[in-house]
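Chain naming follows the written order as A, B, C and D, and within any one chain the residues start at number 1.
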Amino acid sequence: MDDYAIGVLTNIGLFSFLALSAYLLLVAGEMSFGQQAFFGVGAYAGGILTALYGWPLPLAALAAMALGALAQFLVGLPTLRLRGLYFAMATLAAAEMFRILFELFHWRVERNGELAGPDGTQGFRGIRWIFEHGIEPVHYLILVYALLAVILLLLVWVERSRLGAVLRGVGLDPELAASVGIDVQKAKLGVAAAAGALAALGGVLYAHHNTYIEPRNFDIMLGVHSLAYALIGGLGTAFGPLLGVLLDIGVLEGTRFFHGYRMIVFGGLVAVLLVFRPRGLLDERMVLWIRRRFS
Amino acid sequence: MLADLIQNSLDGVTAGAAYALFALGFTLIFGVLRRANLAYGPAIMFGCYAATWTHLNFGAGLLLLAVITIAGGVLAGAYVERLCFAPHRGGSAIAAMVASFALWMQFEELATIVMPRHLYAFPALYDGPPLELGPFTLRIDGLVMLATAIAACALLWWILYRSRFGLAVRAVIEQPAAASLAGINVPWVLVRVFALASALGGVAGYLVVASHGQITPMLGMWSTLKGLLAMMLGGLGSLPGAVLGGLALGLIEAHSQWFFGPQWRDLIAYLLLFVLLAARVPWMTTRSAS
Amino acid sequence: MSLLGVQDVVTAYGKIEALKGVSLDVAQGSITCLLGPNGAGKTTLMMSIAGILKPKRGRIVFEGQNIAGTPPHAIVAKGVALVPENRLVFPAMTALENLQAGAYQRADRKTVGEDIERLFTRFPRLKERAGQQAGTLSGGEQQMLAVARALMSRPKLLLMDEPSLGLAPLVVEEIFRIVTELHKDGVSIFLVEQNAHMALKVAQHFYLMEQGKVTFSGNPGSLAEDEVIRRAYLGSAQA
Amino acid sequence: MDTATFLLSLVLAQTPQADLRCTPTGEDFIYDCTVTLARGGKPLERAEITVGADMPSMPMAHSVRPSKARPGTKPGEYHFRLDLEMLGEWAVKLRLGGPVRDQLTLHYEFDSQGATRRK
């Protein structure tokens, strides 16, 4: 595969973590505009641990996921009682605060004769772990998709389990869920933490793929796009968000056929598609239909 | 110190006037549709770009540019209403909002294609010296913006509380099902409210671009964020709240920029919104937002 | 001559058919009543006639014209007004504004003022509450306001969906007194009611409905009242 | 910081430095660029450079088709063509193969005249 294909596929994989993170919250009935903040937390935390403190990537990723989960949990604690647009705006405000904090964040450390580490708006250069360990782009691509596969298996298993039913119940009808004894707040906080961890994992992988990150990478556009991918792909299954990302970055970007007009085509396609399938391509009904045909 | 306080407040109120106008448009649409229109700012940007494009190619007077901006805004607004809000009236709020986000992307890319340069000049509303009021200065275009905001409120109040159309709009806001049973053509009311909000946005967009004397593709995101922020601060769905929220946002930004610097300005505005939302202050969570 | 003819109407919510082919008639100048247990489809039928729901099949003929599937505001223009279940007044608007909203379509603005005066004489309590927000009115007052609002569009046929719902017996008496007064003034009324006893006292003709189907049609007295009440509440489960 | 440590840090400075000069080719958003690579003050030769670009906002969505750089006449100089989607600020990515394996990110504002460095 040539460099371009590897690049596009890696981007699809990285974005899928973010879209899955937005999807989790959507299934639990909450619309978040802020997953990019936890993507950023993961990127910075992972980058600092490997580039400045020599941690191995797997360990740094786990630490970053924990930090992302904690961050989203803390943001969710006071706001998850809010509903609809109130919650969306609270997450938007929180995410913009994170982005501005990244701009104010300077953590310069002396590393082999040079100052390294996040330097506010100048960004954070030199996250070279994969170069120092001779990992070729194609190997990294395989790593990204292996992790994605693990996450997907986990999500599919959860969806088939009682926990999955609880989450969908909380999302579709919180009052009903509460009336049958589900602690809606606890469930939502759990989902929020998981979504934070997932976004952070994506962030770590992005930072090491790109070797450079800056606050502008984690702006609203990323957040609302990931929400859009989750919804367009479909809320019926964890594969939905992947389809959303594939549709935009894969088909339209990859084909370069709409060179320069990509967003106009994609925007129009999304708006029209949502008219006919308000819960996305792979919504619950479609998933049931597919399951019935193949099982 | 007191002089700075007053000067900042004056600047804050004039800047807040633009936010108030954007928030009014958002609130009107939210009031009748219970949906946030993420393409509201970008539709205004479309109007402003249409005016800039005309000015670049044919040259146009201030008034004609204003008319083109408003017309462009209303046209773009109608396109958004037909494609994102009409089909989802009974359906899901998220689908409508994501659809409006998709059109935001369309407007933004269209703007960068038609006029690729990152920044275009726009004929200033008034480029003379600011008004001197003893030790204080007040920009004329800021005053015009403030006057327009007040006029817009008065006009909206008159429309809503003194006209037959306003009665229908309020009925649709409160009880859409009962409104149709009372003989009100609800879909047609929604189209007209959307056009009214878009025209209001066109006015706001024109004043902002004319007072800054320039236009960039970031206008869509900026106006959407500020409009949403002001609407939320003032209390979702309340028109007076939108104006107060806009002015409050202007004041907060002006003072925090003075005391803490530009980066802290936005941080403080977002922090305030987050804290108020988290504390679920009464005026913010009265209206349900599906 | 029948003012309203419902012919084999089927209305569904998604795949669930709430009305499975309903046919009935409302005679000109009559009070016709529809009784039946909860979930029989009474409100679905009212909403189908008023245009809020679009029937899948069948015709709804009003003054010789099929209005099935016409949007609600157009049906109001043809002269059919629905007093909806649990009233749906405009809470933050004053009682007077609620009435004005009811007359939204009327081109003859000056006669609207006269109508409001006439309704204030018929509903004196509403006159006292005119400047008050509708949301602060009592249940009975809101019901009267909803009826008055529907009358503001000068309907030829008034549909009333369970006007006695949630009201004290004394207030229910007053509501039914108003219904008989309206009937004396020549308004044709199609009434859906749980309170079978009261309904049978005022109706000239009544229908019984169960699981989306009409199961009985006749005038009061043609069936023993307790039999009617048994079937209206318990359904006609064969012993 | 006396001269000795300064010189030492200069030599030890692992990260290569790069500077870009781009001229528009007249075709929309396509530029012919020359990059001069140096490491520790000495020009970096025999580098295999793959050039890509991305936008700071929405980083994973604007992947431009990467192109290989051809070595130029002067040592440490390489030429390549850059096909962007739109004007504005781009993060140009130089992936270095050969003697030095690394990736550099340079921010340039691209407009109708050429490219001016931002970061």
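The working rule: a residue touches a chain if its C-beta (ideal position, glycine included) is under 8 Å from a C-beta of that chain, and two chains touch if they have at least 3 such contacts.
Source: prediction; values computed, not measured.
The most central chain, judged by C-alpha centres against the centre of all protein C-alpha atoms, is B.
Separation between the centroids of chain C and chain D, computed from CA atoms only, is 77 Å. For the pair chain B and chain D, the distance between mean C-alpha positions equals 41 Å. A straight line joining the Cα centres of chain A and chain D is 29 Å long. Separating the CA-averaged centres of chain B and chain C is a span of 43 Å. The set of chain D residues that touch two or more partner chains comprises 86. Multi-chain contact residues of chain C, defined as those touching 2 or more other chains: none present. Residue positions 113 of chain B each touch two or more of the other chains.
Counting only pairs that meet the touch rule, the chains in contact are A-B, A-D, B-C, B-D. Interface residues of chain D facing chain A in the complex, by the touch rule stated above, are 8-9, 12-15, 28-29, 50, 52, 54, 56-63, 65-66, 85-86, 91, 93, 101-103, 105, 119. Those residues of chain A that touch chain D in the shared complex are 3-4, 7-8, 11, 14-15, 112-114, 122-123, 125-126, 128, 131, 134, 206, 210-212, 214, 216-217, 219, 221-222, 225, 248-249, 253, 256, 259-260, 262. Partner chain B is touched in their complex by these residues of chain D: 86-88, 109, 111-112.
Per the touch definition, chain A reaches chain B in the complex via residues 26, 31, 78-79, 81-86, 88-90, 92-94, 96-97, 100-101, 103-104, 220, 224, 227-228, 231-232, 260-264, 266-272, 274-275, 278-279.
On the chain C side of its complex with chain B, the touching residues are 50-52, 71-73, 76-77, 81-82, 84, 88-93, 97, 100-102, 104-105, 149-150, 152-153.
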